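Scroll down for the structure; my scribbles are underneath it.
By written order: A, B and C. Residues from 1 in each chain.
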Amino acid sequence: MIHISKRPDFNRFKGKYAGLNRWTGFGIHLLVRLIGLVLALAVSGVLIYAITKLNPIDVYAEMANGVFGTSRRVWTWLRDLALLLLVAVGLAPAFKMRFWNIGAEGQILVGALATSACMIYMGSANIPTPVFLLIMGIGSMLAGALWGIIPAVFKAFWGTNETLFTLMMNYIAIQLTSFFIPMWEHPKGSNTVGIINAASKAGWFPEVFGQQYMLNIIIVAVITVAMFFYLKRSKHGYEIAVVGQSESTARYAAMNVKKVVVRTMTLSGAICGLAGFLAVAGADHTVSTATAGGRGFVAIIVAWLAKFNPGTMAVISAMLVFLNKGAITIASKFNLSNDVSDIIQGIILFFILGSEFFINYRIQLAHEGKKEEK
Amino acid sequence: MGTVLTQIISLITTAISFGTVIMYGSLGETLTEKSGHLNLGVPGIMYMGGIGGLIGAFLYETNAASPVPGVGLIIALASALVCSLLGGLIYSFLTITLRANQNVTGLTLTIFGSGLANFFGGSLSKLAGGVGQISVAVTSSAFRATQHLTDGIPYFDEIFCNYGFMVYLAIIIAAVLSFIIKRTSIGLNLRAVGENPATADAAGINVIRYKYAATCVGACISGLGGLYYVMDYIKGTWANDGNIEALGWLAVALVIFATWKPLRSIWGAYLFGALYWLYNFIPGQSRSMQEIFKMLPYLVTIIVLISVSLRRKKEDQPPSWLGRSYFREDR
Amino acid sequence: MENIKARAEKTAAATEASGGGRVPAVEMIGITKYFRSVPVNDSIDMKIYKGEILSLLGENGSGKTTLMNMLSGIYFPDSGSIRIDGQPVHIKSPKDALDLHIGMIHQHFKLVDVLTAAENVVLGLNESFRLNLKNVRREVASICEKYGFTVDPDKKVYDMSVSEKQTLEIIKVLYRGADILILDEPTAVLTPQETRRLFSVMRNMKEDGKSIVIITHKLHEVMDISDRVAVLRKGKYIGDVNTADTDPQQLTDMMVGHRVSLNIDRPEPDNVRECLKVEHLSVIDADGVKKLDDVSFTAMGGEILGVAGIAGSGQKELLEVIAGLQSALPGSSVIFTDRDGKTSSLIGKTPMEIKKLGVHLAFVPEDRLGMGLVGDLDIADNMLIRTYRDGAGMFVNMKKPRKLAEEIVEEFEVVTPDLLTPVRKLSGGNVQKVLVGREIAGDPSLLMSAYAVRGLDINTSYIIYRLMNEQKAKGTAVIFVGEDLDVLLELCDRIMVLCDGRISGIVDGRTAAKEEVGLLMTRLETEAGK
């Protein structure tokens, strides 16, 4: 008989852990995660070998070269990392409040649409770049916020299931994008929007410190740090933490739970919308139904695994974007489809999710006759 | 007059053949959700079922000297079931045994499944040393074979007999599921597990076994949706266009629309199919407006979701333990 | 006081003699059960005979439910043995218990809401592949007829009243062939009429040769229904008496024991003034059950008003209404008078509005980690619950709460590794110190506490008593909801006794006798039953 019991919650830097001192506890935590990661890489390695008959270690080396080989690759990696991190940062307040916002994909997309609309309709107005960027940023945030507010209001007032509501909002956003594509089509008949303002570069992120993607990174870094303090130190952040823990405590503390839910989702949606702005004005310079590219979903996993800690989110985002870019490199090198990156990403996430169990629960052989409850 | 009728018949047949994909997905998910597990990996499982069937049929057709359609059909069916079962097992092991978060695990499964399917869909013929698009015409013909029953009654065959066997199989599965859930002890126990696992546990029901069974059988049924899409709807080829994923999410939506009742999934699926393709039958639409029409299934689902929460009719609510893991010592 | 024990022992011996010839249906021998190294059942010997109704009597926390849970397979005893019909048995799960024909009806029903009565009855039995509800209906109907129940087998549980649900639980147990039925506080949720109906059913079951144990602390019910009474006190078996040979007075004595001297300070009230005037307060819960019925009283600044009563008599609702967390029926009035004589009505106000009125209200709720504190946050963060809005700007000022946390940890000797430890990881006593410390730090005019010393060790309890007295000395009106009568009698200036949501009496804490309060806790229903 195996007996499973809950481990007392472990907080990395706080207090003792099941009688062990904090560093031993931290060590166990880290060890479990590492074992999970190594197993995941091993399983992916076997898979890679089965498909390509290549030494997995060479393949992983090739992946590293594909991501870090040139400074341009590193910058692209940083840009994509920043984008994924921004979405995760946007989701963090919602998830900390235990509001399952599965709708980041849609929120990104409407943000991207708002940005594209600004670029297309105002691109020839010769607005100074900083002002123009500000307008686009605000527009994208408003669009994302709207996408967040709608399910939040229904959840707060009538308890409508937010998981499925936000999921459906994604598809409304996708169809909305498909609605605009024929209107913004360029060239005609391509059924794509094409590069917006390719000649004038109006609304494109300017180079900062000589780097094309520096602005993306600065924006995300600022928001990430701001979110850290917002969640940790602000009155709103405090309300989010309490509402997420227990609604009755929130009421006891004289909080307006409905207001907190709607306000937090407004913020969450707005930041995800801003990610759409970054994706269009700061990276792709076009918009399609694939602009969000599954980041809305991956970011959920990032935020969840990081327990909403922005630092940990950055680490996990870095790893996932590395895998994604690396896998695409080997895929093109061996003439395989890019989708191999999703497979490896899935396997690694499965192992990380599974390893949570060994952190949260203690497994021991049951002692006869000691079936004590509570 | 004649053209209107033809249009209507055409819409009905489109709705039925398209809706069947969604129906499979939603029937599997209904069964899973009845045990209290919200599996957002349905799109991934449908992908796995689709690619599994395709790989099985492809290996058979490339290796057999003269492939027989019936054999290909059985191989495709079996390999689709094995692949979707694998997806179900990954999800069950993580969420039931390891108690990982259901939403996050499901989303990961969707990422994994779509990656796996699109990878093999895109590279399979290359891997096997061939060139060009993958195609399993022989097996697909078995899936698409139709049996016309009558000749006399006008339009009857056109509307009711114009489909491969999997369209009818879906209806049978819906009826069987409905019977099992509503009329058998197993179904009663399953409902109790999803509603209140602690009570079920106290009544001597093996909660873990029921959850595994419902999730895995559910995954197999969902996976058949992918198989049907690949073998019948797109005629034994592969398209890396994200359609299965969209259909998978529609399937999750249909579960809500059908308020967790398999029989309602039947007409719900056909309605979704009709709503999805409605733009084709309304003349004079611009391409943009067509896309707005395609929002309908999602909008309808949101409306259902809202009205379910407003009415609070107990029969139409999700299983009350949906999304939460059960640990006996938590009580 | 000595003679009580002697009387109990004498009657217990008499029962032993009278039961001599019969083989008991259940025999529990030397049953001991520890929870966290505290004995909740201490070598208990008890017998249940065939065809009798046995009342298991005891105060809250005396170990009644735990003892019966070991019979129904929820817990397994740490030591001791159980015999059924003379045969030694091991009961390891509810299923084992049912196989031995033991069925327990818990206080919290184990029913599936969306299923019908009949479906709940056959749940998990797997009698046949195809559900044959026709047979079930017939069987249920015959059980109903036999014992005088009424239940509609096709009614959904969510449509049922509490008493219907209870009936269904009993039928469920009988359908599974139980001969020994244990009912845990079955009347707590019933109206007097429903109680009478239940009792008549119980008598019918007794006629049929079933053994019935009813766990209760209501004396009049004990006298009304049972053949024999077994009394537990603080985990120990005090004795058993035949109902016919006893009276409520003797049972009260056995149940509460002699008055323990705790030596809690009780300074004379000083500068007493009216602080809170509650009039005609009535509250109904979500199911429409009346939780408070026309309650009127005054809490004075500078005194401690104790609230006694059986758990669930309306204490929680009373405090939550005053704190603005529940709404009251029209006609209720709660008037608060501050130290300057300014009055304000608290009824219908949200906690925020009450705060804005300038009313300094402290509330130590029963559910410390579910309502009073946030388990995942550390001590300093938990200090913020009342004050996080203070100060301008969007950020929380962390200096003050951190200082307050340090002060509380130091002053009340909170055992914690550091200030950053989530409060959930602290022991119960330390959690309560943190909570009470925070609440009194706001310098309240009114301090309400619910079961403030529950689960605490003696030392911590005395710290809490001291704090209550300090508040009293400052002129705060203290409302102290308690369960231990000895404590209430030594700490409080006045004691208000609640029974079924009504005030059954307000007595002077200095002069009242424990037995008097004990009887008031159950008295109303006897009057209503007349």
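Just so we're on the same page, contacts are C-beta pairs under 8 Å (C-beta built on N, C-alpha and C of every residue); 3 or more make two chains touch, one makes a residue touch a chain.
In this text the structure is predicted, and so the values were computed from the model without any measurement.
Student: Among all chains, which one's averaged Cα position is nearest the averaged Cα position of every protein chain shown?
Tutor: That would be A.
Student: Is the number of contacting C-beta pairs greater for A-C or for B-C?
Tutor: A-C
Student: In terms of CA centroid distance, which chain is the most far removed from chain C?
Tutor: Relative to chain C, the chain with the farthest C-alpha centre is B.
Student: For chain A and chain B, what's the span in angstrom between their mean Cα positions?
Tutor: Computed from C-alpha means, the inter-chain centre distance equals 28 Å.
Student: Centroid of chain B to centroid of chain C, CA atoms only: how many Å?
Tutor: 50
Student: For chain A, jot down the residues that touch at least 2 other chains.
Tutor: Touching at least two other chains: 373.
Student: By the touch rule stated above, which residues of chain C touch at least two different other chains?
Tutor: none
Student: Taking the complex as given, what residues does chain B use to touch chain A?
Tutor: Chain B reaches chain A through residues 38, 40, 90, 93-94, 97-101, 103-105, 107-119, 121-123, 126-127, 240, 246, 249, 252-253, 256, 286-289, 291-292, 294-295, 298-299, 301-302, 305-306, 308-310, 318, 323, 327, 329-331.
Student: Note which residues of chain C are touching chain A in the complex, please.
Tutor: Those in contact with chain A are residues 34-35, 74-76, 78, 92, 323-325, 350-352, 354-355, 363, 365, 367, 370-378, 381, 384-386, 388-389, 394-396, 398, 416-418, 420-422, 424-425.
Student: Along chain A, where are the residues that touch chain B in the complex?
Tutor: Touch residues, chain A against chain B: 4-6, 51, 100, 102, 154, 158-161, 163-165, 167-172, 174-176, 178-183, 294, 297-298, 300-301, 304-305, 335-337, 339-347, 349-350, 353-354, 356-357, 360-361, 373.
Student: Along chain B, where are the residues that touch chain C in the complex?
Tutor: Contact set of chain B toward chain C: 183-189, 191-192, 195-196, 198-200, 202-205, 314-315, 317, 320.
Student: Per the contact definition, I'd like the list of chain A residues that touch chain C in the complex.
Tutor: So the residues of chain A touching chain C come out as 8-9, 11, 13-16, 229, 233-239, 241-242, 245-246, 248-249, 251-254, 256, 369, 371-374.
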